[in-house]
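Shared chain: chain A. Partners: chain B in the first complex, chain C in the second.
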Partner chain A sequence: MIQMNYRTLLFIPGNNPGMLQNSDILGADGLIIDLEDAVALTEKDAARTLVREYLTTFDTTTDVFIRINPLDSPYFYEDLEAIKDLDIKGIVLPKAGIEPMEKLDEYLNENNLEFDIIALVETALGLELALDIVQRSKRVIGIFLGAEDLTLDLGAKRTKESKEIQYARSRIIAASKALGIQAIDTPFTDTDDIEGLKIDTQNAKNLGMTGKTVISPRHVDEVNTLFSPSKADIEYALRVVEGVKVANEKGLGAFSIEGKMIDKPIILRALNTLKLSGQYKEEYDELLK
Partner chain B sequence: MGGKVEIKKMATAGTVESNDILIMISKGEGNIEIELESVVEQQYGEEIKKVIHDTLVEEGVSSAKVIAKDKGALDFTIKARVRTCIKRGSGDTNEL
Partner chain C sequence: MNYLNNKELKDVKVISKSEYPSKSVPKAKITKDLSSLIKELGLNDGAVLSFHHHLRNGDKVLNLVMKEVQKAGIKGITLVASSLFPAHEELIPLLEDGTIENIVTSYISGGLGKAISHGKLKGHIIMQSHGGRARSILNEEIKIDAAFIASPSADKMGNISGVNGINSCGTLGYAIADGLKAKKVIAVTDSLLEYPNYPADITEDYVDHVLMVESIGLKEGIVSGTTKVTKDPIGLKIAKDTLKVMEATGLLKDGISFQSGAGGISLAVTSYLRDYMIENNIKGSFASGGITGYLTDMLEEGLFTSLFDVQCFDLKAIESLKKNPNHLRMSGSLYGNPEVSSVVDNLDIVILGATEIDTDFNVNVTTGSDGVLMGGSGGHQDTAAGSKVSIIVSKLFSSRIPFIKDRVDVITTPGSTIDILVTERGICVNPLRQDLIEKFNEANLKIVDIKELKEYAEKIMGEPKTIEKGERIIGLSEYRDGSIIDYIYEVKE
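== the complex of A and B ==
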């Protein structure tokens, strides 16, 4: 199976039973269960236990990531110990830096865990070193821009227009695209401003973001729609897939559609488009073998 | 957990928010005593008490007094709050 792009990753506070028990039916492509900022310092133990109990009781159909606490907190390894045997997709690493990424990768390797990593870049240093940081682990499937903490670190004023994070967005996108991983945008924090959400999401998408984190279930549908492929995208993807099938049958190494050479990145993008549109078929798994 | 776990101090876990349960645990007198206040007490009171009781036993607690204020918590939440409360009350954690 190809790696799915997450249009939406919905944050669920780890110590909130009501949100946890409904999280799987809110329509997000992925969930980020939060053990970090959404959990008070005095409730870290309670959140870990609640999340464990939830994930061992229910089979979720949505991919689950857990945002652990950062390496420079007392909870980094306690969180990892508490979640290492859970059936989750991966871990969101806050305050991503070279040392935190190396320590996390080392822990996952030592414990033979197959978790993916999403690197949360939210410091000035992390932003400038993003490409280097994510190359410290082969498990990284995406870089997630955390604009609230980043602008604090930069001394920038956070605004709805988000001009102050345009450089950061572009830098994260460039690093992600250079490595063929996902570029995941910061959440839009005004849960009532749906028009603002649409503008912000479209801006992020136009720059090259592949998906967005959301902090409210009310934002899921809008963001999913904006990151969904258009009818023309889907039709083109189907033509690419048909072209690959024919080329494989004829033993051709390369082929073109509408005068454009079709190579691996285009095929991968087509497969991803079909996945996002719900038109992916299992037989497509064989196309790139 | 297994073995015998002693509740050494009073501890609480959970909240009185919707879908949650507030558990207060303290030293018992050789048995398990559960006092429950729930929005669904008439329908599910005995079942909630059983989940609390079974979780205590599973964690190795045979003597404790529990006061629970339930706001419609599912079993996974009840179990989690009881487990956290036991850890806090037995001194197995530094947190409150």
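== the complex of A and C ==
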């Protein structure tokens, strides 16, 4: 299977049973169940228990990530211990830095866990070291910009226009693209301002973000739409997979479309486009084998 | 020559000059004395008194009149109230002392419903639909001795208007049958306006008395300032899926007629429908039922040519009714009387709520999960029967209680008239509607068997406990045509 590109990653508070129970029907490509900021210190234990109960009782149809507490909190390893046997896709590592990434990778390796990691970059140091940080683990599938904490660290005023995070966005995007992983944008925090959400998402997409986290289910559809492939993208992707099929049948190693050589990254992108557009077929799983 | 009462022409007497009539003098209809009025009406034990519910939970008239009836010592009243609200909880002592013996209504909520479920009504409660109520009054199955019509405004001759006065509530659709058929009609008002008061919902020729009172109601309980679409993501998911269902029926096209309630999910469906109609340049025919500002906006935007309004739900609807000639008043009979041609029979799609549904698609909106009276058909039965497609929208769980049962506690609306159920976990289609099943398959719209959805819900939440019922039948669930479709039992306290 190809790596899913998450247009939307929806935050679900780990201490909210109503939200957890219905989290998989809200249309997001992936879920981030939060054990960190959404959960008060006094509720950390209860949230872990609740999340375990939810994930062992319900069959979720959506990829689940869990945002654990940071390494510099007393809960980092407690969280990992509590979730290590759960059927989840991966971990969101807050306050991503070199040491936290190494410690997390080490823990996952020692426990033979196949979890992916999304690095949440939300400090000035983390931003400047992003490329280095994510190279400390092969498990990292994306970098997620956390603009609220970052702007606090930078001493910048957070605004809806988001000019103050343009550099951070671009730096995250560059690091992600350099490593072929996803660049995941910070959430838009005004849950009622759908027009503002659209503008913010479009801006992020124009810079090169590949998806966005959302904190309100009402934001899911708009963000999914904006990050969905265009009709032309879909048509091109279909031509690519048809080309791969023919090349495979003829035993050709390489082929071209409209004079352009089609290599593995292009095929992967085409498959991803078809996934996002709902036109992916199971037979495509065989194309790259 | 029937108009001569079968007399021969030679037997007809022409009156003499001395018998010529004098000029008529307007009848004096105004009174401020309710006590004297009750005496004057000559109400006896067992009288049938009617009230409407356009003032909803803000209504003061029903309590005021019935307490005076109690003071007069009249017993065994049959109360024909189009709906009863928590504000009417004050009537519980009147059940206990036998002033009120039977109740006929279309909806009941609050303490009064609870008291009746616990056996405090000596007689029975008959739960009707709005259309069924109008039918039973107009065909004189129910004979009303006196109709006390809460009137936001009236003039001295009894022209009643719902859009004027400090406690305006909009249309008075549910009171029309009472006005036409009651032996005595009393306009109860706190706003006496200059003659003629117009536009009149009930005109003076049907009104016998005008009772002036200090206040007929509390404005904040009568209408909502604004009605709002739900922000609940699950409600919005259901609404979104409902729009997909509507699209798959093939009825979302020019000329569509539509009705939905004022509940959060229903309003969200209306809101999504509006966006869809604008995007696809669809011009609808009419929307009907209780009217909200969402529908009046759609009327003004040209998305519907007219609104049939039996009840205004918010201030915007009242304003629209006042100024927009395409915003039409609709009586309970015109709305859903099954014995005549009615608006529901011209409906394409209706969106309805429910307390519970069973695997035969029977719906209960009469009692809650504890078996206690907390609602009623209203227009549920009427619109489900009349519309081309009836859609129930609901969450699969309510307060951790699964929504789908083997058998609903009380059948309000028979499953034979319910076509589709939309929940956040799946869409079910009544097997009686193979035509819809085929359309949904063509549209690649996934449907699930209602029994499977029930099993899923019970797997998560467990099977709910059975409600502990008493032996006594306290009431009947009446279908709109007058037939009885279920018993309502006493619930143990």
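Structural remarks
Going forward, the second predicted complex is superposed on the first by the 289 of 289 C-alpha atoms of A that agree within 3 Å, B and C clash if a C-alpha of one lies under 4 Å from a C-alpha of the other, contacts with A are read in each partner's own complex, and residues count from 1 in each chain.
One rule holds for everything that comes next: contacts are C-beta pairs under 8 Å (C-beta built on N, C-alpha and C of every residue); 3 or more make two chains touch, one makes a residue touch a chain.
Everything quoted here is computed from the prediction, not taken from an experiment.
In the superposition on chain A, contact is made by A:Leu50 with chain B only, not with chain C.
More chain A residues lie in contact with B than with the other chain of the pair chain B and chain C. Once chain A of one complex is fitted onto chain A of the other, the partner contacts of A:Pro217 are limited to chain C, with no touch recorded for chain B. In the overlay built on the shared chain, the residue A:Phe58 is in contact with chain B and with chain C. In the overlay built on the shared chain, the residue A:Thr42 is in contact with chain B alone; chain C does not reach it. In the superposition on chain A, no contact is made by A:Gly259 with either chain B or chain C. Contacts of A:Leu26 after superposition: chain C is touched, whereas chain B is not reached.
For the contact definition in use here, the residues of chain A common to its chain B contact set and its chain C contact set are 21, 57-58. Chain C contributes residues 231, 233-234, 236-237, 240, 424-425, 460 to its touches with chain A in the complex.
For chain A in complex with chain B, the residues that touch the partner chain are 16-18, 21, 42-46, 49-50, 52-54, 57-58. The touching residues of chain A, when paired with chain C in their complex, are 21-22, 25-27, 57-58, 216-218, 221. Residues 13-14, 17-20, 73-77, 79-81, 83-84, 87-88, 93, 95-96 of chain B are the ones that touch chain A when the two sit in their complex.
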